[in-house]
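Letters A, B and C mark the chains in the order given here, with residues in each chain numbered from 1 onward.
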Amino acid sequence: MHSHKVLNVIGTVAILFLVFPLIFIIITSFGTGSTIEFPIKGFTFNWYLHILDQPDMISGLETSLLVSFIASAFGLLIGIPAVYAMFRGGIHHTAWFQMLFLSPTFLPEVVIGFSLYQGLIITLHWPMMISLIVGYFLLGFPFVIRLVGAGLNMMDPHMEEAAWISGCSRLKGFFKIVLPNIKSSIAAAFIFSFINSFNSIPVTLFLSGPGFNMLPTSILNYMQENYDPTISAISVILMLITTLIMMLINHFMGLNRLLK
Amino acid sequence: MKKRMILLTFPGILALLLFVVFPMVQIIIPTLSGQGSFGSLYLNFLKDTYNQRIILRTLWISLLTTIIVLIIGVPLSLWIARMHHRIKKILILVILFPMLTNQIVLNFAWIILLGKNGIINHVLLSIHLISRPLSLLYNNTSIVIGSVYLFIPIMVVSLLGSLSHLNIEVEEAATVLGAHPSTTFFKIILPQISTDILTGVIWVFSWTMTSYTTPQLLGGNDDLVMSTLIYQQAMTVQNWTLASVISIVLIIISVGCILIIRSLIKLLDRRVAHA
Amino acid sequence: MAEVTIKNLELSYDKKHDVLSDLSMKVKNGELVSILGPSGCGKTTTLRIIAGLLKPDHGNILVDNHDIGRTPVYKRDFGMVFQSYALFPHLTVFSNVAFGLKMRHLSRHEIQNKVKQVLEITNLTNLAKRFPSELSGGQQQRVSLARAIVVNPRVLLMDEPLSNLDAKLRVEMREDIRSIQQKLHITTIFVTHDQQECFAISDHVAVMNHGKFEQIGTPQDIYYHPQTLFVAHFVGYENFFKVEKQIENNEYQVNHQVIHTDFDHSYEPKYLTIRPNEIDLHQHKNNQMNEFNGKVVNFSFLGGSYRYMIQTDLGLLQVDQNDKDKFDVNDSVYVSLNSQLVIPLLK
């Protein structure tokens, strides 16, 4: 296939458009000036060390990781049995179940955050952390339904039947045969819910507050008062987390499968 | 057996009833009665010219973003789809990276680039193209730029799958019949992926419309969109009822747009089936 | 190693459309019985009911005269080979085969021995450590058979086990299946749509159509003495004559002509039928019984023989003739139907 010049130009420019801003962040994070500057006049790692002097960011990172992890695990725990029942349980009207389970995707994140703030914090007086776990759970749950559902659909249903005939009860068959064969879908669902929770901003803004600091809120707070390379440095850290996530996805399902 | 199976869905159903349905009902109820007749709060909100401007601004930004994403995203996807396997894999990584990166980072990049002391102004000043720094940041344009940057990958991801599976012989047949490459692009390739393009449009349009972070970070204080207005009313002004009203309006507009495009997809699908 | 009885099995879809109606059958100890029929006739559904994977609306499955209707699948002690093989992709060949034994809580030592033994029988000893994805179709098939028989099942169920293999391998495998089945003396129910395959390995065949058994008998019975139009069609009969009335004991009127049959029957036939290769084609009138004048409409070469379409007073006939006497289109010919081989059909 001979590619065309026009396509080459547009493609190259678009890729540069996507890559360059991120490269500028990386470069500015090493600048010696007290504000963000380009080109940088010297080279230093100090801004990365400066992150360690921001207790809000450090504790925010810890809580963000923890809350995202709990919420994603919670999503799997509730989602996997539901998906199994929907796709393998012979239940009727699965379309209705799907619609309910995927409903969070149709709600703007701002609205999810606001409605949980009203419903859980104001009305039910639930603690911030529990409410935030709920919010993150809602962001991740549709991934569990979609990805684990796709994994189950790809699995030969006769496999499970073969196990039953070999003398395996339904429950045992689920753990011995079904789970091992959908584990990569489960891993993918976990990673996607995790990163979506971890990156979520509106839901976090509504459901965190003084005394309960998350990473996005602490960065935004810092940004309001400062314009120095610390922000570039923490951005680079976040990009490293993205890289790690991409490696995990590639390991568990292959990045190409995302585009099928 | 079926009865026991349905029990497995109960935790999920319970969770979504408690965490989606209950909170939504909770915010809808006060907006229905209010002071005055049924729906008066909505009418009052929509009658206000300030609010109308915000709604129109939100729609305008979403529309502009979607169009630019289309113009860049469609050729970009085709370009990537036709690459050799190894380069293609690298390009896919480049596309996926922003999708999995925190939006603060993506928007912060544009603050660095577009700010008064930003890189673009710095370059323009140093080559004496301008004498005073331009104010590129904190307006509708910067919101659109940031949103385009955020959502190009979404468009590419929704197109790449079907573009990679296109039968190249169809294009070759057109070329043999005398079609210019641009004709082939518009008359042969685009019609084959029209439903995927519309799916991409749904995502880009509705996500731009409901996204909070970009307008918050790149928009000015006078350039509120609906999502930032919700946050402002809820958390700064503490006018929860109004925030609820805006939330419902936002959901109705975004779901409405999705449904319109969906029915367009169905129409196109039927046309493809008949052809 | 048991006797299976199926009694009045019924299943309907939405309580309206019958999928299976009134199926009854008996499979004796150590027998291999095939259920033969076109796709969609309900044969796999029947097998799944026997396995316990589906519940019938009515009817009973008895194993050694015990109703197993309420026994869950995993307690039935059956073996099953699936069309897709359904091997466990995350387990090695050895572990796939050992799976059922582990479920029965056998000792490590016993499992080792039994698996080894079965892998030997199925010729898989060298592949024990491989994973299913590293095997060819035929090998996967054998693993699936090994997994089913290792537990010494009371009944072995096979759902189109050979349909995913190529033609040559299919013949090999069916012979292997037959010899293993006979050696181990396992009561087996085998579902297939391939009549040749089914005739080659079965003790009895149940021909199925639209959820009903059309005829149950030995392969020879089915082949030589089909009882219904459907069965005759399915096993290669081509010429069918609708009986207008009975003239004498063995003579029937067809299209204003008379056909004589010497086939022994006690019922009133609706149709008569004969295979294309059992009609004789000749140039001159022989004054035999069942002889009719006709004209060659067209012919085609089948390799070794010709198939002629002959227009006669009986209607259009298909006749297979070897190439010793060659006829051309529009030739006037005589056909004679061997009265021993004119089969009267019940319906």
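Convention: a residue touches a chain if its C-beta (ideal position, glycine included) is under 8 Å from a C-beta of that chain, and two chains touch if they have at least 3 such contacts.
Not measured: the values here are computed from a predicted model.
Within the contact network of the assembly, the step distance from subunit B to subunit C comes to 2. Placing every chain at the mean of its C-alpha atoms, the farthest one from subunit C is found to be B. Set side by side, the interfaces A-B and A-C show unequal numbers of C-beta pairs in contact, with more at A-B. Centroid to centroid, with C-alpha atoms defining each point, subunit B and subunit C lie 59 Å apart. The geometric centre of subunit A is 18 Å away from that of subunit B, both derived from CA atoms.
A straight line joining the Cα centres of subunit A and subunit C is 55 Å long. Those residues of subunit A lying in contact with subunit B across their complex are 1, 3-4, 6-8, 10-11, 14-15, 17-19, 21-22, 24-25, 28, 35-38, 77-79, 81-82, 84-86, 89-91, 97, 100-101, 103-104, 106-111, 114-120, 122-123, 134, 137-138, 141, 195, 198-199, 201-202, 205-206, 216, 219-220, 223, 231-232, 235, 238-239, 242-243, 245-246, 255-256, 258-260. Interface residues of subunit B, counted against subunit A in their complex, comprise 1-2, 5-9, 11-13, 15-16, 19-20, 22-24, 26-27, 72-73, 75-76, 78-80, 82, 89, 91-98, 100-106, 108-110, 112-113, 117, 119, 122, 149, 152-153, 157, 160-161, 164, 168, 181-182, 209-213, 217, 227, 230-231, 234-235, 240, 243-244, 247, 250-251, 254-255, 258. Residue ranges on subunit C touching subunit A, taken from their complex, read 51-53, 72-80, 82-84, 86-90, 99-100, 103-104, 144, 147-148, 151, 157.
Residues 156, 158-159, 161-170, 172-173, 176-177, 180-181 of subunit A are the ones that touch subunit C when the two sit in their complex.
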